[in-house]
């Protein structure tokens, strides 16, 4: 069976709990080996990657095959706005950083990923 | 002409008014016979299915061919959190319950449904 | 190379800043000539088209090829609700008005546009 390719878009930090719960439900329902889940965080949601309470369940999902992506534009904008500066080299190793999350979201859909915004 | 397949995703209870208005506009604009609309509610939006003020306009749309789906994971989570327990057998008959709404959302897109989040 | 077709859906007026920033990032990252971006505003987001602070950056993006669409249903609903009445003939010339934004969103996806909701 072909894998079910799913893209989860999150751009608000307060939506992480819902998003991570959705992904867990998806893996449990479809079976880890039957899905390919990519999470793309931009905007303020990138701060979730610096929040240990959120990083812990993310890591558990990463072990199950979920990919986590952060938008570099968002990281640098947030830093310039004085909200917080997250150093890329200090971020958890399971996170991949892309130049522009928005381009990644568009490209993944053209590659056949279903788009879901929790 | 092929039908226009549309998936409406709703995960916040306060978005029902907008979502139902959007669907009504879609049917009126495209013609009931030219669209296939499926509404998938997960998260707190499942409570809309127990709210008579919302169920009434839903029923009118169901008569026009719109399908309404509820996520069982969401129903049981909300019950465990002590917010409210909706008994499946007491829910309106036009509502279909699926094990995991998130899987349904992904599968429908792979089956050609356009995703819209009101 | 085929262009990257992207549909930006906005239905809340307060999301314009994020949406316009996302589009700017997308053009800068992918290159103006490599993307085809369409913005479809319905619900209260149509008011953004009457807000000079928002219209100015929109115009700059329109010059770079971004298309902006407004939903006529939303315009007339907002007028009937007494919130504000925007006269179509007075709206900026770079904006196209369609009968129902929701139909346009569905059709564009079936035409191959990636859906993104900022």
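By letter and in written order, the chains are A, B and C; residue numbering begins at 1 in each of them.
We take it that contacts are C-beta pairs under 8 Å (C-beta built on N, C-alpha and C of every residue); 3 or more make two chains touch, one makes a residue touch a chain.
This is a predicted model, so every value here is computed, not measured.
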Touch-based graph of the chains, sorted into line, ring, star, complete or other: complete
Chain C against chain A, contact positions shared by both copies (same if over half, else different): different
Averaged-CA centre spacing for the pair chain C and chain A, given as whole angstrom: 25
Where chain B touches two or more other chains, by residue: 115, 117
In the complex, chain B residues that touch chain A: 9, 11, 42-43, 73, 77, 99-100, 102-103, 105-107, 109-110, 115, 117
Chain C to chain A touching residues, read off their complex: 4-6, 18, 21-23, 25-26, 28-30, 35, 112, 114-118
